[in-house]
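Letters A, B, C and D mark the chains in the order given here, with residues in each chain numbered from 1 onward.
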Amino acid sequence: MMDLDDLGLKAHNQSRADSHQQAFARLADTLTDAGADVEALLSRIQAFQVAIPSWALGTGGTRFGRFPGGGEPRSLEEKIADVGVLHALNRNSGAISLHIPWDIPTDPAAVRQLASHYGLVFDAVNSNTFQDQPDQAESYKFGSLCHADPVVRAQAVAHNLEVIQHGLALGSQALTVWLADGSSFPGQLNFRKAFARTLESMKEIYAGLPSGWQMFVEYKAFEPNFYSMVVQDWGSALLFTQKLGPQAKVLVDLGHHLPNANIEQIVALLMAEGKLGGFHFNDSKYGDDDLTVGAIKPYQLFLIFCELVYGMQQTGAQPLAWMIDASHNLKDPLEDLLQSVEAMLLAYAQALLVDQAKLEMAREANDVVMAQELLQGAFRTDLRPLLAEARRRAGGAIAPLTAFREAKVRAQLIRERGHKVLATGL
Amino acid sequence: MMDLDDLGLKAHNQSRADSHQQAFARLADTLTDAGADVEALLSRIQAFQVAIPSWALGTGGTRFGRFPGGGEPRSLEEKIADVGVLHALNRNSGAISLHIPWDIPTDPAAVRQLASHYGLVFDAVNSNTFQDQPDQAESYKFGSLCHADPVVRAQAVAHNLEVIQHGLALGSQALTVWLADGSSFPGQLNFRKAFARTLESMKEIYAGLPSGWQMFVEYKAFEPNFYSMVVQDWGSALLFTQKLGPQAKVLVDLGHHLPNANIEQIVALLMAEGKLGGFHFNDSKYGDDDLTVGAIKPYQLFLIFCELVYGMQQTGAQPLAWMIDASHNLKDPLEDLLQSVEAMLLAYAQALLVDQAKLEMAREANDVVMAQELLQGAFRTDLRPLLAEARRRAGGAIAPLTAFREAKVRAQLIRERGHKVLATGL
Amino acid sequence: MMDLDDLGLKAHNQSRADSHQQAFARLADTLTDAGADVEALLSRIQAFQVAIPSWALGTGGTRFGRFPGGGEPRSLEEKIADVGVLHALNRNSGAISLHIPWDIPTDPAAVRQLASHYGLVFDAVNSNTFQDQPDQAESYKFGSLCHADPVVRAQAVAHNLEVIQHGLALGSQALTVWLADGSSFPGQLNFRKAFARTLESMKEIYAGLPSGWQMFVEYKAFEPNFYSMVVQDWGSALLFTQKLGPQAKVLVDLGHHLPNANIEQIVALLMAEGKLGGFHFNDSKYGDDDLTVGAIKPYQLFLIFCELVYGMQQTGAQPLAWMIDASHNLKDPLEDLLQSVEAMLLAYAQALLVDQAKLEMAREANDVVMAQELLQGAFRTDLRPLLAEARRRAGGAIAPLTAFREAKVRAQLIRERGHKVLATGL
Amino acid sequence: MMDLDDLGLKAHNQSRADSHQQAFARLADTLTDAGADVEALLSRIQAFQVAIPSWALGTGGTRFGRFPGGGEPRSLEEKIADVGVLHALNRNSGAISLHIPWDIPTDPAAVRQLASHYGLVFDAVNSNTFQDQPDQAESYKFGSLCHADPVVRAQAVAHNLEVIQHGLALGSQALTVWLADGSSFPGQLNFRKAFARTLESMKEIYAGLPSGWQMFVEYKAFEPNFYSMVVQDWGSALLFTQKLGPQAKVLVDLGHHLPNANIEQIVALLMAEGKLGGFHFNDSKYGDDDLTVGAIKPYQLFLIFCELVYGMQQTGAQPLAWMIDASHNLKDPLEDLLQSVEAMLLAYAQALLVDQAKLEMAREANDVVMAQELLQGAFRTDLRPLLAEARRRAGGAIAPLTAFREAKVRAQLIRERGHKVLATGL
């Protein structure tokens, strides 16, 4: 198991101390001149924690193939260790989100202790009714919670209830339900029955929700079904959660929309309704491409964070489940995740920098030019030294990706785990 | 004013009687062999009435220009006469939908009488807060019902209330509210405030709704605002109508969606919620292209009608406002409307032909192949002779477009009204 | 191996003879009345042959999972037998397209003889440089013909040359090159170098092309790379083929375009340039969904066939490689292929029905309404009895799908081959 | 006419001198530390000149309406004065692009002198065959260069030749041909004939091109035609320019693509072919939204500039026509243009900052993570003080938009020109 001391953080930070301090000092002066409270920003950045999904620690693939890297985690314990490395480097990856049945904890107490050793907590647990497991009685080929056959629906409900139990044992407080249910051909599905059956199934799951828990209903426009999805957009997801009750919330995955959708508006409306529960961050150009957060549309990411920051201000402490959900087909998964967390933090910090009072004044005056200036002014500000300082103070690396490479983490993992191992996941 | 006797329907039908009877007899035999009730189909087809929007009787245009035809209606009376011609030809265009302030009736009683002369009733009335009228106190440049300034909102509310009064005088029973409100730049609008203000304004309009009336909330993904629209999709529209009350329903315009949206599923869900109120039919490839119904995606049109037919069966007599909303940039508007009504009727008749019992059996058995066969079997059936027979029996033309051309209606309208007139509209 | 006599075609056709003859007689009368030459149509329909790809005979999947059916072909011989069944049923599936290395023929002479037994010829052979094979020296993770490393490029070139040899041995006359090459992240690829390297590699393959052969360059907008594809659209593909020479042509796959692309126009332009070489038919709503041909957009399919029919008239006998390229995730692959071939034949026959002379007259007169009437008139004509008659005369089934089910082919294949076998493919 | 001394630039710059110098000094240190040559960057930024289109100086609109501002230019002379104001403020708007017939210069010598007074030259001239002018013999309703009627084509060719003459008189060296030609309905157009006729017409225009001139062929995916455009994408545009000759080049407008198109790859390929001639900058979310440059997708803008910078390095001095083509529906046109030029300069400067050598090394090593780091490192750098310094040294404003507002330019223009004037344009 990777020893965090081997990451060489002290040496890394010492070698960069001078140049970092200079860059940070310049930025701090600039921000202070502009009226920002640098210390407050630093503490909010430090408090921001992103959950890492257990299935994103191995190489992903497409239906055309998969090109594994090496040193992938072979067990839940090794997945936790990988997230531990990330968190040690950036101090913003302090949670892990499990996927059942890929990550069933056989000894929950030991798993919790291991996570705690790395400073990690368990975020939402995820059920899987989009694949058939080898020992499974009924097939999900034609759906799970929406299936025409009540026996299949019952199996899928039971699976979700079991996932809750695993989550309880680990200290999770939310269940994420993503359904592949839908149809690939016109006529295949009775839309009304599919909705009603799914609702009925969800109600059974909801009834099994422990107090204090939330149930996240995730929507997706298409894939793996190519004509319709039962929970196809935020409108459907909201409708389900309205009918389920106050513990049901909507989960937004950035890649699950039709082309050109205005996601930030959806975020704003869901927050206004008190129905935004969680977030799967990634980036995409065409569909659910599951690319590194911020790799394609960093400005959209910033605009989403503007709504999140504003929405949280409006509603007080609405705890959101922030998670990365990407697929690392080409990049080293850990490097990819470091880039993703950095992009999220940057967008978050820039959103914090927006002068809300001035923005509202410009909006009320229909000063469209000024409203854009205010947003782009924040977005164009280079806050990387601020993030580095927040990490440094929290005991992380000034430059996590560089530190990761300097410490030759991947080579060490390959030595430990081998070259040809495959982590569970997509 | 066009004399309907000049349409020469008798001669037209006589000259086609033999070939039509032969074609109809062949089809009737085929349908009867397949177990269909031809007479029942005929009477349902005859009962189907499409509303013609008053603004679709003149040449439309794009922001790049407008190429007027000739003989466009110069007044509300001439618009009614044009719809009268359509209805005389196809017997399925028995309603007209007015747009205020383009069509303010100065003498409602006379206007009702004129419409009645042509066998027409008045469908939903439409308000307009997307343009500034010459004498208007406040501008809608930055929105109407969502505007930051309460004075502008009040003006827009008052306009809608006035539109209701015009509608009342004519016998309409519904108000359609389509809002161009939105933003073209990130930052311009506070999404939450825009929603809340629009809701507040809508509530004032809703409060002025006569009993028996409905208020249709129409959504649109983009244009004329190019970053966000306040009522951007069915999810938002549903949310507004939920908060307004039972007289508020959603209106679906086929061209108002993001690329690749599954509109038939939206229709099904809205009907299941009892919240589908009306429909604007047209066709499009890219955006709100406002092309002739069925010109681009006739199969999608059929699938939508399958949901409408099924939904009406499920919920009993849910009266829907069927309307065409197209823009005739290149075609003669009346010819375009004849093609649109024909395409709608064809899709409707094909949807009636679907064997619902077999379809449900295939669905319950996950027989995807058979479900497709059943839908495509209906879609591939050539029902044009059936439509012709329904029209013939109702006193219309066997071939409305041909009759229109044979009667040289456009030439006559140009002689009457001139070449360079411009009807109000887009 | 499936005995074609077991299909029970004679009994099937006899039991349907009367109703078919009646339906066909009615249609033939209608067509003859309208001036069509029914016998000429029948012979053109019979002559139309669609190639079946060897990889479409098993259950497909998505990155989220694969739900196998049963009785999938375990060998090239069994794949040929499956296509033999299709061809026996519809007489329009007289070719097979192989994919190397999934279908390497160990005894080409025997394979040719087997195919010949079923009346099949070998269409284009397909290379595969989008996956790594177990014994492969170099990885295609970062591209093949475009790879930065000349050693990888050389391996990919050698593979293509080897595929040609396999094709030669079987009597193929074309090589299809589809590249997954591209990038998933901005910055990953030097677009200019990637193009130049790919061109250089293609030139080496082109140099190894036997005389009489064609090389098809296939393009794709996205997937499996999610930021850029080296051959991303018809413009790029055309550029490559221009630089390669007269034996290089473009291959169009219907699912490989950006949303809303006008594919029929691309077909028309490629044919006008003499550069359309082949076609992969399927249908889709979102991306490369690989659904049954005609399942989503049958009118688009018809419009494409209108261009193909017109283009072949203009240029004389331009032999095109027509192929289906679909993925059967939910349907029985053989049933899906029967539906696909039927949809293609229907669109082809309807396109043959278009009155080209009248259409050109309408176009020259800018009579947009009439041009639409002419196309939709052909599309709305129900030509299914014509297809059935063509099949019947050629010795096929009046209703291939029904015959397939009546003969319980799948049950027989499962008995023969087992339930859990997996064919190679996607 | 606006006196440039009224802009109060000196006072503006003096009041900001200290804070600017501090910010610039910090940035210069940071850049120098990172190995950049600040002086070289400054001189390249100063050399970068963007052409302002004459039609973008007034309020734009959509087909739904137009909400004019005030003080719009009433004549070509006033348009030149407006561009003069922009150029005085930012020193990067030193060219103007005219649109005929909206801006026919009656006294070219005087117009040239006026432009020269403001330091402006004349960029590409633009023809207009997408609208009918009042006195025009033939209508472009059904196309211009592609029209079925040779008389209409001849008129459109003659217009283009006349535009060249106007351009010659003013010192332009390029003609931009954007065609609205296309079709809104399947069947309307014979794609092959439309292409051939357009080519024939273009050849006649090309034949009239003065030596040293270029002809830019602009493509567009859709609008104002909604089914097909004759020059629909870069593939078609390239094909036309190949057939025309070396003086013909492609012009790319950012808003003229299908959803999700990778524009930067198109730019790279056109430059590699030596066929990129010019650029229309704007931004968009849905279609040709014509929004402020950089307002929606600033990272895409940066990626395009990366290709432009790299392409110009590769091919030596390939002079490109950089132009803004936006429509200012909501913003003050001059403020919008100041924002657009700033966004372009920022993207250009960031692209100059990319370490090409390191980037190529990362690419050759398939180090995808590092390639992204290098691009995003440049993009995340806040270069606004560098742009301000370049402007200051060139005699412009440190903060052009602020200076524009401080000088109350719009109020002055309204006083001069009135409130209700409408500039020609869209």
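Just a few scattered comments:
Everything below uses one rule, namely that a residue touches a chain if its C-beta (ideal position, glycine included) is under 8 Å from a C-beta of that chain, and two chains touch if they have at least 3 such contacts.
Since the structure is predicted, the reported quantities are computational estimates derived from the model, not experimental observations.
Shared contact partners of subunit B and subunit D are A, C.
Among the other chains, C has the CA centre that is most remote from the centre of subunit D.
Ranking A-B and B-C by contacting C-beta pairs places A-B first. One inter-chain figure worth recording: subunit B and subunit C are separated by 39 Å, centre to centre, where each centre is the mean of the chain's CA atoms. Between the CA-based centres of subunit A and subunit B the separation comes to 43 Å, rounded to the whole angstrom. Shown for subunit B are the residues that touch two or more other chains, namely 141-142, 184-186, 188, 221-222, 227, 259-260, 262, 285-286, 292, 295-296, 299, 330-331, 368, 372. On the side of subunit B, the complex with subunit D involves touching residues 60-65, 67, 130-132, 139-142, 180, 184-186, 188, 221-224, 226-227, 259, 284-287, 289, 291-292, 295-296, 327, 329-331, 426. The touching residues of subunit C, when paired with subunit D in their complex, are 141-142, 148, 183-193, 195-196, 221-222, 227-228, 232-236, 238-239, 258-262, 264-266, 268-269, 271-273, 299, 303, 307, 310-311, 314, 359-360, 362-366, 368, 371-372, 374-375. On the subunit A side of its complex with subunit D, the touching residues are 19, 22-23, 26, 29-30, 33, 259-260, 262, 285-286, 292, 294-299, 330-332, 335-336, 339, 346, 368-369, 372-373, 376, 379-382, 384, 401.
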